[in-house]
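Lettered A, B, C and D in written order, each chain numbered from 1.
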Amino acid sequence: MTVSRAVELEGHIIDSGMMQSCFGVIMDMGGSFEVEAFDIGRSKTDASYARLVVSADTQSDLETIIHELHQNGANPVDPRDATLDPAPADRVVPTGFYSTTNHPTDIRFEGEWVPVEKIEMDCAVVVELDGNDQPVHAQAKVLTAIEEGDLVVTGETGIRVRPPERPRESAGAFGFMQGGVSSERPSQSTISTIADAIVETKSEGGSVLAVCGPALVHSGAREDLARLVRDGYIDMLSAGNGFAVHDIERDLYGTSLGMNTETLDHPRRGHKHHIYAISEVIRAGSIEQAVENGLIESGVMYECIKNDVPFVLAGSIRDDGPLPDTITDTLEAQNAIREQAHEADMVLMLSTLLHSVAVGNCLPSTTRVVCVDINPATVTQLLDRGSAQAVGMVTDIGTFIPMLAEQILDSDE
Amino acid sequence: MTVSRAVELEGHIIDSGMMQSCFGVIMDMGGSFEVEAFDIGRSKTDASYARLVVSADTQSDLETIIHELHQNGANPVDPRDATLDPAPADRVVPTGFYSTTNHPTDIRFEGEWVPVEKIEMDCAVVVELDGNDQPVHAQAKVLTAIEEGDLVVTGETGIRVRPPERPRESAGAFGFMQGGVSSERPSQSTISTIADAIVETKSEGGSVLAVCGPALVHSGAREDLARLVRDGYIDMLSAGNGFAVHDIERDLYGTSLGMNTETLDHPRRGHKHHIYAISEVIRAGSIEQAVENGLIESGVMYECIKNDVPFVLAGSIRDDGPLPDTITDTLEAQNAIREQAHEADMVLMLSTLLHSVAVGNCLPSTTRVVCVDINPATVTQLLDRGSAQAVGMVTDIGTFIPMLAEQILDSDE
Amino acid sequence: MTVSRAVELEGHIIDSGMMQSCFGVIMDMGGSFEVEAFDIGRSKTDASYARLVVSADTQSDLETIIHELHQNGANPVDPRDATLDPAPADRVVPTGFYSTTNHPTDIRFEGEWVPVEKIEMDCAVVVELDGNDQPVHAQAKVLTAIEEGDLVVTGETGIRVRPPERPRESAGAFGFMQGGVSSERPSQSTISTIADAIVETKSEGGSVLAVCGPALVHSGAREDLARLVRDGYIDMLSAGNGFAVHDIERDLYGTSLGMNTETLDHPRRGHKHHIYAISEVIRAGSIEQAVENGLIESGVMYECIKNDVPFVLAGSIRDDGPLPDTITDTLEAQNAIREQAHEADMVLMLSTLLHSVAVGNCLPSTTRVVCVDINPATVTQLLDRGSAQAVGMVTDIGTFIPMLAEQILDSDE
Amino acid sequence: MTVSRAVELEGHIIDSGMMQSCFGVIMDMGGSFEVEAFDIGRSKTDASYARLVVSADTQSDLETIIHELHQNGANPVDPRDATLDPAPADRVVPTGFYSTTNHPTDIRFEGEWVPVEKIEMDCAVVVELDGNDQPVHAQAKVLTAIEEGDLVVTGETGIRVRPPERPRESAGAFGFMQGGVSSERPSQSTISTIADAIVETKSEGGSVLAVCGPALVHSGAREDLARLVRDGYIDMLSAGNGFAVHDIERDLYGTSLGMNTETLDHPRRGHKHHIYAISEVIRAGSIEQAVENGLIESGVMYECIKNDVPFVLAGSIRDDGPLPDTITDTLEAQNAIREQAHEADMVLMLSTLLHSVAVGNCLPSTTRVVCVDINPATVTQLLDRGSAQAVGMVTDIGTFIPMLAEQILDSDE
């Protein structure tokens, strides 16, 4: 005895690999299928359509296959509602909870598809009902945010995922953002295209989040990043304690990690400058107060303060100090990062693995991402997250930022 | 007019490069010197002695030079006392505070040299006095631990640093621990020597701290590390949330990062196993309770619980979950790591940059360190901290741990 | 006015991505298509079939599209013959010559499909005719081997390429050989599977080619590789001058690059051992004579001589010496490597980029390849060649070879 | 019974580490010593002087120690002549021949010190005598260049090596060229200093050799390197077949490795462009003829032809083609590289390990070297050769060359 159910695929289903992965799912999981309808788009912009009848030996096997197809973009012709179970305690999800991907997701409640808000990967989906048991909204929640009684989606039915399609050719500067990584791509042309994408995002009213590692300061790119902040191309900044410390060290002592970034000298005792910088800011009370006191007179943090660019400094166990502004609780820091991530239309990941992963964890797959690092392994790891519009560049942040700043200011005129 | 002062150097002053660096300090800082006495050790084990009269143009220049020489192991013939100033507020050091190195350090109080306890780099030195204003002890304190009124060493006088000498040849297994990094060294012989060093440390009653990254689990080395814990070769464990999660995922679902580490299969939905593992432990309450419940039945964390091996799981902003055992406040986590670091006689840094740096920040330069990573840049960065007994190996943690376990059990019989 | 032509696809056309790439070709090149027939395999082992009518604006556009489809495995329903033009001079190909891929290829001559022998990438195809103008055979030839008058395939018609299908699941040890690269895969399990694949190749009467870099000797893996040669698991060896020099240095002086690979000592003047080793072999006349003289008494080269395992030592501009056995002309060396590559059923690329690329350039895409290096970029570059049965492992060659030797001898019993 | 001999050290013997390494040699080799005189330079520019009496148990031990001290810059107070033995056959050195370092070296003949010409590492020293048995000159010769009867220096006496001193501070742009490698140094400032060093070399009438890898073309830096050739800042070029092929491919087809370096497009069949480029140059006869024919109209090779900048294209076993200009015999290619190396006053190693090692093998330690690569391991390996004036930079060649060109043209005005 076999049981069957029909599913549909729609969109650029061959081009995007959706059909290939759906066929793979069925065969891997011991199912079989028949193609009932297959209508192929004739041109790049036409959508295609396919309807498959999927069969399996047991109802349970079939449901598992259907669920997995759902995750890959194929939807049952006769969808069912999602199952909801209350969380038994704070931070405890019901058994069998559905763990999210970072793709746009809907859940089905009383016959209606409800979009899941603030989608990100590895979350539970919590549905909030109004007085009449109608869903007010569905939202992705990390495990630590679950509260007793939250209605959590469990099981495998009624969950629809829409993996991003990668159109073969797209208008505008983001057309190139599908290309993986290479250290052998033309550097200047790639930087110029990234500059265009930033300008385009800003001209569309979008918000740009810069995620910054300390190498940015050591490599001498600080001044040009500060210009980009001052001129309004960076709307939010996410970094660690070390980035801010070295940025301020450069202002107070002219060094970064003890080296003068202009003369390349290593003044004696320069290796103590970062700890002195920290103690000066502690004395002032905060970065903002140190700027207002006139202690800090230039740099990226200075421009953030002066131009009301909000920043999150997330603490880590390797921090010196830390600065008073650094959020030392990692859950609290994650929440601050999460807000930035969901607000951003474009994210620049600049020479930091830890902070880029933290931001990337909170991003839906539809956000534009640019990742720049001199280590190819870092770039590969960051891009390998199913994002539809992500581009990586293996280059020197110390030459990238100045060239980017020059390009943006040129294209700006 | 010039001012002068005599300093002495003692020990393996040429062999260790101490003399070279002291000459460099004087010349870099615009001073001059005369060699008054120079008595060179005749053999590898003999110490040498030199006395220099250092001159500078001003008293202030001279003191700065003398201070810097002090940091490099040269001591004034006529030492002066350290200056103490009270901290004006909690977490605020007095201006001009002395920031520590990770080398053994003494400060001079009323003519007596007092050793600084719990030395680590980038700290302040706080002196505690008894009722008669005699120093009870001096201790290194991180900035965040400073309390209002603490007597903090400031200025440049009365501080003596003893950088470790690197004897040309030393007895026992640690003789090799001076050698820098190479990916082209004989792997089996190096592993065998590291095994000897661990066995030697244990036979001397020493304590071994393992700092573990998640790659250790992904690469299939978990079972052999668990054996080392069970058999008493690991006394403390320091890791992040991810290491424990994947170790437990392997126990509960047979996978690590979704891959079966024995069959190399990727079961469907394997990528959700880690989040299920976390939610199961949250449900149980803690790792210890999950072991006691019988939920967790094997692995590194299991052996830690069963064998009373204390562990610190430090949180980071990229954590999923986290587990209930993970310390999410980074300052609290640093303090827990600090205690481990000061208790350890030997530290194994195994495939984690973040946690190894955090531990390394708290280590005195006299602790034995072994650093293993497949990325040469990680090994180089970790060894570049002035440790006297540190060895790095660029290798695959997934073959290193099994070979190490085999070597230790062989040498054990 | 549009022109049209029908093409067919057969095999695992969705699973292997063939259909996706054919659709992409047509759309990229401005064509359109209609699906006339589409019969999808129901299970993993069933083949599928599709027939498309492809249309374009001009005959020339259509032919270019058809050619490109051919390269991706789609064949015209009404194929045409290949065009042949004579080479105008030695080493000079006729204009518009067809440059090969490394996939199995046929060319069509008077209505018959003739397989191209010794296929490798970036070659011309030369057809040899008998007295009656019938093709004796077609063969891939590198540009430097072209002789005046050779009949060379030009243009785009009559050329059929069969890209390897990657079956979802295959019997035997080679099932795993589709998996790309990772430094985070379980090391011991992967090594064990590679060992099985070598044993299987040998048990099927296949021939194993080892491509060896000098790191193999420096890292202490020489003795275990020598055992594999002695026990008959390596049928051919391809290396550079440096590999042989350090292997012999180890035999004559106990060092490799001047370091004793067992004691880890660096004897004084050890850095001159390699040049002494070279001069001793020059004095003897050849490696074979040095073995027969009793000068060389152990090692990989020794076992090759003793067990009649043929080797190619290819020269490079960074060679010291070189040894008398080293082929200093790179074209001559390429030809020697080419013969090895075409004879091999399985190739082990061990810690050498230069020699692995040279061998890889000559391999058809159907040969089994295992690539091992500690640098992930090297492994990625080597696997990125369209091979159907290639696996990469990022690990330490100094632990890999001993574990592999142990596995093979175990599985052998 | 012990035997003794006095040696002298002169120069910046502490600062340069010479004294430290000499003490190490004596103690490592079981000798002992007494310091008879020790006169230390008072300032950075003053030289120091030391005289040691070295003792050992046997005459043979003593000579070995003295020889090793000689290699480290310490010279016997009572020097002896070098021993000369004739080479028994072509390419065969006499037993016990002295193998050179890359430091300036003299050999002693009848009481006179004769400088060794064309010094490079791993060579034999051959002395040519005139009719009266007086040395015409001494010269370093690679093993393959040795001819029967050549008088070769053997044994350990009469050989003086002068390792370069690294003065703490030197005038001019080359002051910075002592600094090792870092990916965390300020990029723009470092590029600016390298630009100054090139301009200084040219203004002193020196000769600049560029060693170029194909990544230079892929990364889009070709046009700016061509400008530097055209404007006279590159006097010689050393590269492989691939560099020239991709440079010419870019000119003929607008692509490099099949990618358009400006638009970032991948035209269909672009991956065949390099082989077409090769066949076109073969058809023309040579690069020079292809330029004269008007086939090649731009690029680095074009500018070399037009501006009489001599180039060496050295073959390797991974070459496609090769071009008619490529020297396929590696010994012949080494000799061509050797001539370039000995003529160069400054060498730029740009994104190629193989060719940089080949050039580096032929360089005396006194030549200025700049090494640029995005892979830190490559830079480290290239700098680790005892050169006195070498600087490494870990950066993206695709941003480095444009910034360098801009700096040089600016500083030129």
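Simple rule for what comes next: a residue touches a chain if its C-beta (ideal position, glycine included) is under 8 Å from a C-beta of that chain, and two chains touch if they have at least 3 such contacts.
Owing to the predicted nature of the structure, the values given are computational and were not obtained by experimental measurement.
S.K.: Is it true that over half of the residue numbers where chain B touches chain D are used by both copies, so same, or is it different?
M.R.: Comparing the two copies, chain B and chain D contact each other through largely the same residue numbers, since over half are shared.
S.K.: So, comparing C-alpha centroids, which chain is the farthest one from chain D?
M.R.: Relative to chain D, the chain whose C-alpha centre sits farthest away is A.
S.K.: Between chain B and chain D, what is the separation of their C-alpha centroids in Å?
M.R.: 39
S.K.: Rounded to a whole Å, what is the gap between the Cα centroids of chain C and chain D?
M.R.: 34
S.K.: Find every residue in chain D that makes contact with two or more other chains and list them.
M.R.: 28, 377
S.K.: For a test of understanding, state which residues of chain C touch chain B in their complex under the given definition.
M.R.: Contact set of chain C toward chain B: 176, 179, 183-191, 193, 215, 218-221, 256-257, 259, 261-264, 374, 394-396, 398-400, 402-403.
S.K.: Any idea which chain C residues touch chain A in the complex?
M.R.: 14-15, 17, 19-20, 23-24, 27-28, 32-35, 38, 40, 42-44, 168, 376-377
S.K.: So in the complex, which bits of chain A are touching chain B?
M.R.: Chain A reaches chain B through residues 25, 28-29, 64, 68, 91-93, 97, 99, 122, 143-144, 268-269, 272, 274-276, 278-279, 282-283, 314-322, 328-331, 333-334, 337, 354-355, 357-358, 361, 375, 377.
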